[in-house]
Structure formats: structure tokens, C-alpha cells
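Working notes, beginning with the structure itself.
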């Protein structure tokens, strides 16, 4: 893959991700509303919200928060670029967890009861998801020939969609996506719908542009996650992109459906389920794959 | 244990049927006839006895016998309808259509044409909201 | 219906704890404690209501303005709120409430608003 | 202080539409101690007796609480009718029963919705409230108000419901019953919901008596007490069984309330079938003099009215002990050792009515 | 070179006499500084000298080798007597049995056993090079720190304890000597001698305060380490009986050329077993945790530069003999399991030093797992981890010690808002923590390589299990570090107060921080110029472990993690904003720290971290972890011993 | 062009209402009324809110709470007093512990009368409140430029 292509892909990501994910979010809200028997807001609502947040007065309990959040955003974008420009998948996962740390630090600087409580839940969520994220990278490494973590090579070297080898990983990954997207039943740290005992969790103390940046960062992150979902489908045949988009949309719809049909569970159960599914689905798949590949 | 996602059916049904949302405020709402919206006065029948003023629980009504006005603070009225019960002339009614929200509280005043000793004179101009 | 008319017993302070213990041991539920300061009588009337199933029993204690009454909060925990309320709103002196909130139950500005009301009317 | 957190909870908190405050001591997310405090809505409305006459107090009583407002008004009127020895016409009794049960229906649906909101099931919340809107429409059609009705008066009720309206209601309720059954099934069967309700906030029957709890809170601990069995209004003519559960946890409380929803529908049906054709109120004259205690079963449990009149138009004492007030000690107990995420849920399982608690 | 190495080993032993004899604290401090300085310079000089000379593997014999041989022998026996005396005094007879068995048998064999060929006894290669630098630099920094720390320890905080600082400081020097000896020896007999010295010294350091707890814990350390010593002794015996060599490298070579033969594998397994005890892997983690009772410098010493490093050093040596065989599998599994279990356990503790202890165990677990796998990538990762771990752990211990001396508590919960009370200490702590686990810093780079290598491991079971261990272990590691960092950065409850930390403590800590940053920035250089030759030396092949592209990414991330926050900080520093109270549901009592409580009075708010006692608590996990790991070890040892006998 | 009028997030606080108005506020978010059509989100956090919906009157204990929540909301913001209680104290205004409507502690922009205020009323109030945002946002911009 040439440097030019990588640069173009990176720029596409920087510009395109917020637009696409914002729109998906808008449709998500519309769809959720319809599932609840309501009309719901305009599909452009997420953009209105974002713009408004940038325009609000900036108040804060601790100015340190702002630079942490900006760093969070920068790191997410950086990991996204690494992913979409086709670099090392494992490093993308590591970079993502580094960025998550900035979010955590940002939310604790204020020492507010709710954001700190939310932070700890966020940490638990990260702990619940991280094994699966790393395993996905492992899965792709094993599935491609020659073995590689490199996203570009994963795409260019595979004749089939990797999902053929990685069904367990796919199931596990979709499962933790519910946590990553902060959807019910695992919206324990920050909830987009319904009300939360920790108010707005990590974002409780983030006002105006801070909150907007976190939202934006979340969009960028979601783009990466959807990208990984797509990676399960994409192979060197360009038509597989259509399949990837279809699967991404299916996963998106599934997440909305789950969000609307379940109660928020407690973190103990979340941890148990997330790790359980990771162990069973991804673990079995990993074991079989190693047997096949060795 | 319990079932996994049993609500799915209902949710999907909602998704593919008309939402329950009314189109208010773009379409006006039809209120049932009994709706207790606001107090209306038939100023011609009022005798300025002040019964309504004395009975109103939050004290929303002011009756000024000398100035011959009957006034109501609509931001005070709780639409209980007690005044309509108490009014000896049954000139107060409670009808659908609520007081519109606004940036300031105000008092609606009605000049009552009632002349205590003599027969009623010409009704003065009255301002009633709604 | 018309429950008060048949089951109201007047007791005095020394009997109170005895009655309470009896009720507690028979697993009666404390329904309420009501304090009032009737305009005519000018003393506190403290009514303790207990229920067992559908039965109701009311015990009334009469106390003068500055007289204290014993707390039953050590027998019935739920009495804490009632007793604090009586103290805060009426200024009735309840001795030894298990959790004495010192007039911070409702945190109102007015002191003993209910008694004040009676006083004012006295003056008229 | 080690690894214990001490945090405030409320008074302003999105899962608590009503202000209540708790000091929580947490270990991780396990509640080690919870001290509730009230007073954010205290108005002191019992003292209004010195400013409003006993007739106006009907409207004050209704506004003790916007959810069971009807029953507050009714209980107050019943207390004065008791003092003044007024015989209420039978039709008024039936109408009161119908409105009471509709109130219970709307209150329980509302509660289900809020419960769903507390455990983060937004679409279930929306769905419950959508069902509830239909009950509110019935209220509006019959009384002119959605939450505050002002139809009670000492001596009866102010508005009648014509036959067609009553039958229309029954028909609507018949239709709704199926939908409600579908919805409540989710509360009882869904895995995620059960993970939040089962074995959370256990209080035994004896404890619930010791702590003086009332209503569904008590019945979910296996205690068979329902004030409607005292036979006020038209309940002495109605055939119904008290609903109880022995599980003692949040799930049981949910179960009891769901059972009561269907029971209410049934009671309304019976009332409509039996309602006699008489006057709807009697004229009341004179001043009240005497004392009365009235206990009625509100959606949240037994409300206790104690009214003392002295022969003037101003009452001596008007005392309301609301169900929530009685349930708070039990709440404090269930909060011990629960999870932080269960706090809003447990507050909700007593179906709190802070506004009437603090009056 | 021979002379230098000899000096390196002997000097600290001899210098130890000075602080032991001098009781004037000023003068003693001077001697310690001087000694540390000399050790540091000597070690660096030796290492650089060797590197400049071309970095060839040097095999040599010490001057006066015969004499040293006798010293070792006598030393062994003396140590044995000393330990036997102690075990008699404190009625712990099992220890006497262990020491007697493990000393007497090899000694006898030395006299009566076959005469062995007279080969080299010392070796200096890239691994030695790295170890010497780590011990020399980090160790002597700890020594410098110890002077200031022990002053504060006795003068301000623990007045009740007898002041045995002379002894303490002397022991530190003994430690250096033993470690230098250990990493340069090729002969198992001398390794055994130095090994026992570290065991005994650590025993003495742990028991320093002579409290009930200290004594119990020091004996725990002693018996576990002696058990390891037994392993070493068995290896020596095997050397005498079958292999006709007690040279470590010969043994490794023999095991490599006879892959299926359990007889050659047995000594390797025994050495690995010894190394596992020393590097505090489960089930032998108890001693390192118990070591926390000792004053901080000794914890720092045990955890970072010495003691535990002896174990992993040996394992790295052995790794080429453990590739894809059952010993390797045992070591990987124990390491991987320890990585996961210890990081879970670290979640549930509040004591700062204990968190560090668990994290040491956990990190060593990762290193051990890497060595057990024995691939090029894993060795690359293991050495990196050793380096980063030594620096950051030493820094962390020193910092926590300084915090404890200053604030009176080392509880993580009491570090709330440290950033605004003691910014300097907090900064050091942050750098140390970041060094332990953050992305572009050492740990994750190594984790990347380790993960890659584990996937490629031959045994499917081991590979799957190891990948799982690493994935879950990283998640739990993230959890306990991040929550600690978050605590430091939170708003402070207390006003700024006086920092009691001594200047020399700061010198040491800042130097560490500086080292850390240099290491990070210099890591590509390190990789090319030190680690590549190292793997050439061990594997004979040179392959790019980590691609150029990934190196670039890592550098980008690396620069990013410094630069992005800095730029952002500068950009946002002057943002206009309205200061508000933090959100407490409207219950703030006028400031950010208190809220209006249920009784209407202000009450101090406190938000504690999560410890998950019910899931990850020591009570819940420790015993099962011990049982599982014991089971793994026993199964594999049975396989090896059974294979040998069969 | 500011978009605040397209995404007004609201915060609801129950002063000392009887709950009648509260449940009507809640009812506004539910399917039949669905204020989310206007982009309204019922957030629980003053830091994120644009519209402060207050129901019920002010008493001595919630006075500081209301004030603090108001202060924690970033500009531009709109306060809507919902229900007769919040407008004037309503039926409770003679109670000893009621100081009056919401305007006794914070400036109120829109009064929504009614006991209980109907959802339609509340929607109207919110829509009117949204109308105020444009001016407020412009004024804020002017003020920040002036600095």
C-alpha cells in the first residue's frame, strides 16, 4: 500500500467518520423513538446537538479536564488513522486503550461523586471489553496467511472473508460492542437513553465544548469499531465492501434492537457475561483456529 | 433465568406501526367538553357579591365593588372550580382551553356592568383573554 | 369506618411504655403518631395508632405545653420520624429520641409553625 | 476511611423526579449505610386549616399528591362525612370506587414505567406510559382533569358518569387488558429485568410489620392486609381477593402491583355492572364538630387521615400519614447492603410519594 | 576485563564493611554515597568497556579461581550453619532441613564426585551487560535513596524501632556484590553461592524491623528461596552425575542438542524451578508480598534491580533450552497464570506498596512467560520488560516511600489529589505508572511482541491459554493502574503542605524519571544495538522482531503521549471559563468537598476507588491461585522426573 | 447560525410541587407527546441542560438547591416555571414553608400556568422558551466579543 493511499484513507477517516457516524446516530435515535412508539427527533439531531454544545458557555470545575479531553480526542483520531490507513491492528487496540485512559483521567480531575463513580464503571467496562478487543487482533493474525497484524495485509491477503474462520470472534466482538456503544443492557457508565444512577457517568462534569469533544471522540471511536466489524467481511475482492456495509448495518440495527429490549444490568453481571462470552466464543474459536493452522 | 429479549416483538411492532405521538402543537388538540381549562365569566350576570373571591382557595379572584371590576390572576388559578360552585348567580363557568404560557404573569380584569341599586347601565368595554 | 369512635383509649405517660411493649410483642404495626394542639383545650394531644390486620387501636396521651413525653423510638424504630416531626413542628419535647435530628427533619425557617399558629389565634 | 466512599445522592437526580436525599456510604458499589433525608418539598399544608375553611380544604387535600390525588380528596371527604354524619348516596360511592380504581391503574402503570426507567429499560418505560395515557384520557373525559380532578365534595361527588361513558370505559379497559398483559409479562419474565429485581431488597414479613410498612410493600412480604377490605365506598359490595406474594423482594413488589392492575380492571367491571341509579351528592349543612380517622388503600398503601373539628369552619387538626412516610423505615432497611445501582430501584419499589410524605 | 569483573564482585562485599562499622550517620552517609558512586561508575565502566571492545561473548576464569572456589565452598557451609542456627533459634526446623540438604549434597559431590573438566567459570555477554548496568545504576540509586529514607524512617516515623541502619546499608552492598556475581557466573557452584547470599540477605533485610510480622515474613521468604536453592542443588547433582559439567551454558547446550531426552532436561527444569521461586511466581509469591514489611529501599531493591531479577535472569539464560518443550510450557503457564492472577489481586488492595508488589509479581509473570516461550520475539520482549520494569518499579517504590514519609500513609485512597498537594512526587509517580503500562511505554511494546510470539507457540493448548492469560491480564492490569492514576489526579482535599522528602531521595527519583524518558526515547536504538546482538548471541539468527513500520508508529505514539497533552495543555491553559462547583445533585455545601448531609450539616465527601473485594479479593483468589499453580508445577515436574527415571 | 433552538436539553427539578406537574412533565417525554421531536432531551445534569423546568414553589430547604442548579447551567439558558405552584406558589402560597414561586430565587423566563399544567401547556411553554434562545445566544455572542 502506498503512502499516498494511506494518506487519502486517513483524510477520508478524519472527515468522513463524524459525518457517517453522526448520521447513523441520528437514524439510531429516530429508530429507537419509533420502536418506542414515538416520532423522535430529526435525523440531523446529533449534528445540531454537537454544534450547540460547541456554542455553549464554557464552565468547569477544573480546567485540567479540558486538556485531558482534547488529548483523548487526539488519541482516538490517531488510533483511527492507524486503523484506516491500514497499520497494525494490535497497536490500534493499544492506542485505543491509551486514549480511554485520558478520558478516565479527565473525568476524575473534578472529584465529583457521580463522574468518579461513573469512571470506575467505565474502567470496569474497559476491563470487560479489552480481552475481546485484543483477541480480535489475535484472531485476524491467525486467520490471514501469512500471519500478520497489519490491517492492510489482512485485507489484501485474504481470499475469503475472515468471518469464515472467525465466527466466534465475531460473536464475541458484537457482544462487547454493546458495551462499547454504551447501549442497554450494558450502559452502566454513561447512558444515552434512560436515566442513570450515576447521572451522566464520566461525562457528568463535562460542559459545552468538553462534552462536544467527548461526543466527537466517541463517534471517531465508533467508526473504528464499525471498521473492525467490516474487517471481518472485507477481503481482496472489492465487492466484499458491499457485504461489509450490509453486515455493519445489520450489527447497527441489532445493537439498537438490543438497546430497546433490555434492562440495564449491574456491573457484576456485565463483567461475568462479557468475559464469559469472550472465553467461550472467542476462546473456542481461537483453539480450533490454532489447531487448523498449526 | 427468564426469557431473553421477550420485548422484541412489541418493539418491532411499534417500529412498523404508526407512532402514538400527536401532532401537537402543529395541530390543535381537541379537548373533551368537561376539560377544566380556564374560568370564564358571564359579566352581565355577575352581581359583584365577592363570593367567588372569598371561596377561591389560592385567592386568584379579586372583586372590586367600588371599581366595578372582577379580575382573575390566571397564574394563580388552580382550576378547581370551587368558585363556579359558590357563585350565587352561576355566572362563572370553567371551560376547555387553558391559559397560554407567557413571559410575564398578569391579571385579567373584567369590568362588570352591574349597578347595585339601579338597573344595569351600558356595559363597558371588557377585555377577556380567550 | 368510624374507627376512632370505638377504639380510642386515654392513657397517661406512665402507662405509655407498657402499652407500647404490649403492642410490640403482639406484633402490632405502628400506624402513626399524631400530635395536635386543639384550640379549645390548649394542651397537646398525642395519639398513637396501632394496627393489627384490619384492627385499629388508638391511645391518646395528654401533655401540657411545656411537658415532655417519653420517646417510643427505641421500641418502634419507625417512630423516629414521627417524633422528630412533633418536635420540629410543635415544639413538643420528646425525650431521648433514638436518632434526634434536632429540628433538621424538614429544616424549616419558622420555629414550631403549628404552635405559633395556635398562639396567634390566642392573641386574637 | 479506607476504601469507603461517602457520597450524596439527590436531591436533584434524574432517576428521582422527586427530591429525596440520601447520604450513602459505599464500598465499591455496595451500600454500607444509607441515611435518607426529606424536607425538600415540605410545604406545611396541614397548617392551612387555619386559613382555609373545611370546604376549601378538599382542594388542598387533593393536591397533597398529584398521583393519588383522587384518593386524597376522597379520604378527606370521607373523614368529614364521618364527622358530620352524612350518608353518601350509593351512586357516589360507586363512582368513587371507579375513580379510585382508575387511579390505582394509572398509578401502577406509572410506577411500572418509572421502575423500567430506573433499571434503564427506556422503551418499556415509554410503553407503560403510553398505556397510562389512555387512563388519563378516561379521567379527562369523566372529570375534566388529567391528574387533579376536583370532583369530590363533602357529601358525594360533583360529576356523574353517564351509562354510555361507563360502558365505553369498560370496553376500552377490555382492550387494554391484553396489551397490559403483554407489557407486564416483560417485567416478570425478561432475563435482564429479573437480574435486577429478583432477590434485591429483601424484607421479611415480620420486619415489614416492625418497620410499619404498608401497601404493596407489605403484601409483597406475605402480609395479607388491604384497607379496601374495610369496605369503605362501594368496596363492601365488590368481590376481590387481596393480592400477596411471599418472595419478599423487589420482584414480589412488582408482581403484587401487576396483580393489582388486573384486579382494578375487574373491580371497575363489577362496579359498572352494579352501579345503582341515585343522586350523586347530598347537601351538607352546618359545621363539623368531632374527630375521625379514615384509612383508605391508595396505590402505595394505607393512607391514614386523622381529622379533628371544633365546630368552626376551621379544622383543629388535619393530619395525613401517607403510605410513603410509613414505608421509609423499610426502605432504609432494604438499602443496607444493596448495590449502588439498586438504590433508585429500591427507592422506587416503595413507590415513593415524597410530596405527600412531606406535605 | 577479568580484573574489572572481579573488582565489580569483590568491591561491594568489601565496601559493605565500612557502613557496617561507621556509626556516625553523616560519615556513614558519605561512605554510602561514595560506595554507590563507585559501584555505579565501576559497573558502567565495565559494561561500556566491554561494549566498546566489540561486545563479544567473553568466557573466562577469575584470577585466583581456585581460591574463589574455596571461598565459595566455605561460604556455602557458613551460610548453611547460619541458617541452621536461625532455624533452631526460631524453631523452624524445616528450614534447617532444606538448607542442609541443599548445601551438603553438592558439597559432598564436589569432594567425592567425578572430577569435572576445568572450563571457564565466568561469562560476560549482552545479557550480562544489561544486568550489570541495571544492578549498578538502579541499585546504587536505591542505595543513595536509602540513606535519606532511612533517616526519615527512624527519626520521624518509627521511633520505636531500634536503629540498625548500619547493618541495613551494609546489606545493600552485600546484595550488589551477590548480584554482580550471579549475573557474571557461568559455573553453577558459584551461581549457587551467590544465590544463597541473596536469599539470606533478603531474609535479613525483610526481618529488619524485628517485629513479629517481619520475622514471620522473613522466614517465609527464606524457606521459599531455599526451596529454590534445592532445585539448584539438584541441578548441580545432575551435572555431576550425568552431564559431567556444572557449567550452566554447557547444560543448556546439551539440553538443546538432545531435545527428547529428559535426563538433559531435568537440570533445566530444576533451574527453572529455582528461578520461579526467586522471581516470586505463583505459588511462591508469598514471600515477595511479605517483604513489604521491610523499609521501602529494601522493597525497591528486592523488586526492581536485584533478587527477583536473579530469577528472570536465569530464565532468560535457560530460555533457549525451553523452546517448545514441557519445561518451557511449565514456565510459560506459570508465568502467564501469575500475570493474570497477580494483576487481579492487585485490584483488590489499597496499600500502595502492596499494589506495587502484586504488580511486580504480575509483570515478572509476563517476563517469565516470555522466557518460557523462548522465541526470539519473546526474549526481546522479556529483556525490554526487565529493563523498563527495573527502572519504573524502583522509581515507584521510592516514590511511594517518600509519599509515606511525607503524608504518613501509603494507602492509595489517601493519595487523593496528590497532584495538587505534592506535584513533584505525583509527577514522578505518574511517570512511573505510565512506564509500567501505558501504550508507547515499555510494557505495551513488549506485550505486543509477547502476544505475537505466544500465538506462534507450537503447543496449541499452551498457545491458547497463554493468549487468554495475556488478554485478560492486560485488562486487569489496566484497571488497577488507571484507578491509581485517577486518584492522584483528582481534586485534593487537603491544602498544600510541606514536602518532607529529602534532597537525595529526589535526586534518585528524578534520575530515575530521566532514565525512564531516555529509555523510552532510546528504545529503537536499544533494540538495534543491544537487543539484536543479544538475540544473535542466543539464537544465532537476526531477524527484525518488530517491523520498521511499527517502530515508526510506536515513535509517533511515543511522541504523541508527551506532545499532545503538552500542546493541549498550553492551548487550553488560558481558556476563559466560569468556575462552578462540581455537581452533587444540588447538595454542595458551598465547596467541592462537602455536601449537605441528611442531618443538614456539611459532611465531607469521599469517593473511593473500586477494589472488587468480592470478586478479586485476596481472600477469594489467593488460595485457589496457589493451588492451581502448584498443580501445574507438580504435573510438569512429574512429567520431567518421570521421564528421567523411565 | 446557532443551533441551540434545535437541541434544547432540559433539566427538570421538582421544587415543592405536589407531583401533579412533575408527572405531566414526564408525560411530555413519553410517546403521546414526545418532546424529543423538538430535539429535547430530558437530561438529568444541569451542566448539560439548556432549559430549566421547575415545578412547585420554593421552600427554605430547596432554595439553595434550585439556585445552585441554576448556576451550574451554562449560558444561554431558559427557566420555565411549570404549574401554578411554580408561578406564584399556587394553593400552597399561604403555607408557612413556601416562599413563593420559582421567581423568588431565580429569574423565570416563561410561566406555564395550570394545576396541573397540561402537557400541551408545557409543550407550548417549551416552544416559547426555545424562541427565546435565539436572542439569548446572540446576546451571549455579543458579550463574549466585547470581552
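By letter and in written order, the chains are A, B, C, D, E and F; residue numbering begins at 1 in each of them.
What we mean here is this: contacts are C-beta pairs under 8 Å (C-beta built on N, C-alpha and C of every residue); 3 or more make two chains touch, one makes a residue touch a chain.
Here the structure is a predicted model, which is why all the values come from computation and not from measurement.
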Practice problem: Spell out the chains that contact chain E while also contacting chain F. | Solution: A, C, D
Self-check item: Any chain that touches chain F and chain A
Solution: B, D, E
Exercise. Tell me, please, which two chains come out on top when C-beta pairs in contact are counted per chain pair.
Key: A-E
Self-check item: Farthest chain (mean CA position) relative to chain C
Solution: E
Exercise. Could you put a whole-Å number on the gap between the CA centroids of chain A and chain E?
Key: 36
Quiz item: Taking each chain's centre as its mean C-alpha position, how far apart are chain C and chain D in Å?
Solution: 25
Quiz item: In angstrom, rounded to a whole number, how far apart do the mean CA points of chain C and chain E lie?
Solution: 69
Quiz item: In whole angstrom, how far does the Cα centroid of chain D sit from the Cα centroid of chain E?
Solution: 64
Quiz prompt | Where chain B touches two or more other chains at once, by residue number | solution = 5-7, 11, 14, 19-21, 57, 78-80
Quiz prompt | Residue numbers of chain F (touch at least two other chains) | solution = 13, 30-32, 34, 37, 43-47, 59, 61, 65, 69, 72, 74, 91, 96-97, 115, 118
Self-check item: Sites on chain D at which at least two other chains make contact
Solution: 5, 7-8, 11-15, 28-29, 37, 39, 42, 44, 47, 52, 59-60, 63, 123-127, 130, 133, 145, 148, 190, 192-193, 195, 358
Practice problem: Could you run through all the chain pairs that touch each other? | Solution: A-B, A-D, A-E, A-F, B-D, B-F, C-D, C-E, C-F, D-E, D-F, E-F
Practice problem: Please give the residue numbers of chain B that touch chain F in the complex, ascending. | Solution: 19-22, 24-25, 29, 57-58, 73-80, 98-105
Quiz item: Okay, in this complex, where on chain A does chain B touch?
Solution: 31, 33-40, 257-258, 260-262
Practice problem: Note which residues of chain D are touching chain F in the complex, please. | Solution: 11-15, 17-19, 39-45, 47-48, 51-52, 59-60, 63-67, 69, 110, 113, 125-127, 129-130, 133, 136, 145-148, 353-356, 358
Quiz item: In the complex of these two chains, what residues of chain E are touching chain D?
Solution: 350, 411, 413, 584-587, 595-600, 603-614
Quiz item: What residues on chain F touch chain C, complex-wise?
Solution: 59-61, 96-97
